[in-house]
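Each structure below is given as structure tokens.
Heads up, the next two complexes both have subunit A, just with different partners, subunit B and then subunit C.
And now, the complex of A and B:
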């Protein structure tokens, strides 16, 4: 199958005013999204995952590398214009994402205005998506300040799907919501995905949510992808010390679960301004050897479509106990997420 | 829009207690200024018994609350007291002078808005451009330079050296016959009268002081416009509009719509403030406005002009704030509904 989006060697540097140094927000990352698939992008805050989403949508310009959409470079002249409406985004802060001075249906309608729809067709589409995200038409006439967080995020989703995009970027769409609305929104997103057949890039720091929604995941650390592969494999048998550390840091809401043997990551994240030459994790990794500090580790294939940027990945033991914990983790998250999510 | 009359009524109901509070406070403050007006009025050679007699006649021997009540009673009859300096009723003095100040301040503020708002928008639109740098420098300079100094500089350049502007002596040429007073605004009255000579003379006298006020007060307006517009343009809803390919004009209009309330607020605050704040400019241009009148009052323990000025300024400011509240109401769907 043809790739929908392919990101090759993407770099994004932010200049620091009054200095020659730059913040290296994204360092040479490559990944792809197949049509209809959900790719999870996970990492701590500051790892650059939101910037990746913004680069995809052209909200920030790219320092280097290319983003191909259906084999066409989005940086090319008029390519983005041609794909207007094919890429959409749902923002983290739904309140800030909507113009407070417009009734929400006007915000939902906005992306259609540049696509040559007449007023009647726009109104029809808006009605349709408001229904689809499970809101009453009455709410659409209100202003953002009159809606709840969950309702606003549904409006944000409605606005994103109104153009029937091929790729939906979800930038931490649930992190500002309480657990019940979160479960509802996730359920809505999963059902939308099934109905509309669109691909999505789900950006989140919330591992349990990501495990639940994505087919493949990419783990980001300091602007680079350290591991990517099928969600089941990455979560079930992580191959990168950072992924293991991240997974073992998740608080399990069940005191009976044994604590996994964590890969204790020492110290703080290095500053993205003065990055080390070798592996960015070397200063914190218990498995690090001299070689790690010499050069950036290349991608090692460790399974079908599963890559890890670590030269010591074989040293990372895989105990049965660990895999039991990850299994339990999976079951727990499924259980938690299904609470509050109505099945229909 | 059904909420608007109710909203207005509620705002108007606050006006009376607000005015009462302002009067009480300024009365007490002015009374704490040392100095007996009777001594100043009678001069250094006055006898103690004549001073005592005048003090009694002016009611200054009464306790403070009684004095305040007398003032309120007179006020209810439209009597704002008499200035001992001009020996005229304060009301008629203010009616002569207040429009002069309002005319000056209104035109000054208009110029400030015309400079400040577009400059703020432009610099928010193109950060780090030459315009943005000029705007930043401009904000810094206007914050640092006193308005009377700019006034003197303008007089020096445009009157002394170039001779383009008329002498900075009042609102109209002495040789030109002033139009009959209708609104007190010379520009409007001369047009009503059909007297173009007076109109152009009034305009030419307005140019330099208006420019002085405009140039200085454009600074804060520009800064407020810049920062709120910048915030709105960087917010996700604006970015989304850009991403959706909406025309730049529309994106800017939506952002400006959201940025307007703080800009309106700073303009209304400046408007009220400038009534008294323009006094140095009034003095430099011998404007003969209300600010100058009030300052003379303060310096000479002539309390009724001061109180009268405070009252006029308060009513004016409250009126401006009311207009701003209405504008907010119309701009922001979230208020009062």
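And now, the complex of A and C:
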């Protein structure tokens, strides 16, 4: 199957005014999204995951590397214009994502105006997507201040799918919502994807949500993808110390659940201005050896479509107990999400 | 929880508008005073031909420099023109100049400011143009406005249009900065980015998404600025750079009358001054009210005040009810 999006060697550096140094927000990352697939992008705050989404949408220019959409470089002239409406975004801040001075249906229909739809066709499409995201038509005439957070996020999704995009970038779409609306929104996104056959890039720091929605995940740390592979593999048998550390930090509302085997990451995330040579995690990683600090570890294939940037990934080991713990983690996640969904 | 139901709208005991208005007046009486002053001045100007007891420009040397009396409420000036009639006619000139000058500067300044603010972070030529515009505004603001206005009138020739242009010109930097600072923060909002993703053109984003959300401080500034421009118009006329003598205008009336103060005839100078001061005061009160209504935080405080008043008003009854 042809790749829908392919990101090759993407770099994004932000200049610091009054200094020759740059903030290295994204450092040479490569990944792809197949049509209809959900790829999860996970990492701490400041890992650059949101910037990846912004680069994809052209909201910020890239420093180096290329983004191919259906084999065409989006940086090329007119290419982005040709694919207008094929890429859409749902923002984290649902309130800020809608113009407070416009009734919400005006915001929803806006992406259609640039695609040459006439007023009647726009109204028809808007009606359709408002239905599709499970809101009553009455709400479309209201202003954003009159809607709840969950309703606003549904409107945000409606605006994104109104053009029937091929790729939906979901920038932490649930992190500002309470748990019940979160479960509703996740169920909605999953069903939308199944119906409309669109691919999505799900950016989140919430591992349990990502585990639930994505087929493949990429784990980001300081602008690098340290591990990527099928979600089941990455979450079930993580091969990078950082992934293990991230998974151990998940809090689940069940005290009986055994904690995953901890890989205690020491210290703070280094500054993205003065990045160390070698592995960025070396200063925090309990497994780090001298070699780790010497050079950036290359991608090691550790399974089908599963890569890890770690020379010590074998030392991480894998015990049966660890498997059991991650299985329990997975079941717990499913249980929590299904409780939320059932109340819908 | 049902995510499909909207918040309940139109509560059944919704106040009729005049009641709401009355409670606002009670909570913020100064707003009402401002609107009343502005309304009176406007009515006076519009119906001046009906209301004025004398022709404002007909001189009558026999009744020069009369003190205020039943026949001449504000007295008469050195050539015998009725000061009250002239005060009624004056806002026709003063307000026209002030309002049109301020509006022109607000429109031009806001549009330029929005453009500069929107492209402030983009690279290349646009940033360069923005930089030049802002530095030009700095230079403009470095001059004392009044001196700048005098210079403009002096170089362009003395006429009403020139005064309008001068007032518009000196006010542009105010609106430019105001709009730019608002737009810089609104530009980063996600709905602007959503419109960019949708491929909406920059000029349309500015007009549809940015300016409507950045208008509030400009509107408040507008009303305060009109009052201030009235002073400016009067000031220019006072020093002889604005409207010329027989035309009824507060500034030139004060100028014409003040030589007579030393000989005891204060009325031709003081009355236009007082009317001018009250008018400016009215506009700044209206400006304060616009600022309040445009700022959600201030509206919340106002609503809280009104609610507190209602509670206090109904407190005795409530206390009785609880006492059982």
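Quick note on the criterion: the second predicted complex is superposed on the first by the 341 of 344 C-alpha atoms of A that agree within 3 Å, B and C clash if a C-alpha of one lies under 4 Å from a C-alpha of the other, contacts with A are read in each partner's own complex, and residues count from 1 in each chain.
Everything below uses one rule, namely that a residue touches a chain if its C-beta (ideal position, glycine included) is under 8 Å from a C-beta of that chain, and two chains touch if they have at least 3 such contacts.
No experiment lies behind these values; they were computed from the predicted model shown.
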Look at where subunit B and subunit C land on subunit A after superposing the complexes, then choose clash or fit. clash
Subunit A residues in contact: does subunit B have more, or subunit C? C
First, second, both or neither for A:134, with subunit B first and subunit C second: second
A:2 in the overlay: touching subunit B, subunit C, both, or neither? Say first, second, both or neither. neither
Can A:151 be said to touch subunit B (first), subunit C (second), both, or neither? second
For A:266, is the partner it touches subunit B (first), subunit C (second), both, or none of the two (neither)? neither
Partner chain in contact with A:143 - subunit B first, subunit C second, else both or neither: first
Between subunit B (first) and subunit C (second), which does A:20 come into contact with in this model arrangement: first, second, both, or neither? neither
Thinking of the overlay built on chain A, is A:78 touched by subunit B (first), by subunit C (second), by both, or by neither? neither
Just to be sure I read the superposition right, which of the two partners does A:59 touch: subunit B = first, subunit C = second, or both, or neither? both
If I apply the document's touch criterion, which positions on subunit A are contacted by subunit B in one structure and by subunit C in the other? 57-59, 81, 84-85, 89, 91, 93, 96-102, 107, 110-111, 113-114, 146, 159
Quick one: which bits of subunit A touch subunit B in the complex? Just the residue numbers, please. 57-59, 81, 84-85, 89, 91, 93, 96-103, 107, 110-111, 113-114, 143, 145-146, 159
Subunit A partner contacts - residues on subunit B that touch it in the complex: 235-237, 239-246, 254, 257-258, 331-334
Residue set of subunit C touching subunit A in the complex reads 1, 3-7, 9, 189-191, 193-200, 208-209, 212-213
Can you tell me which positions in subunit A touch subunit C when the two form their complex? 57-59, 81, 84-85, 87-89, 91, 93, 96-102, 107, 110-111, 113-115, 134-136, 138-139, 142, 146-148, 150-151, 154, 159, 163, 180-181, 184, 343-344
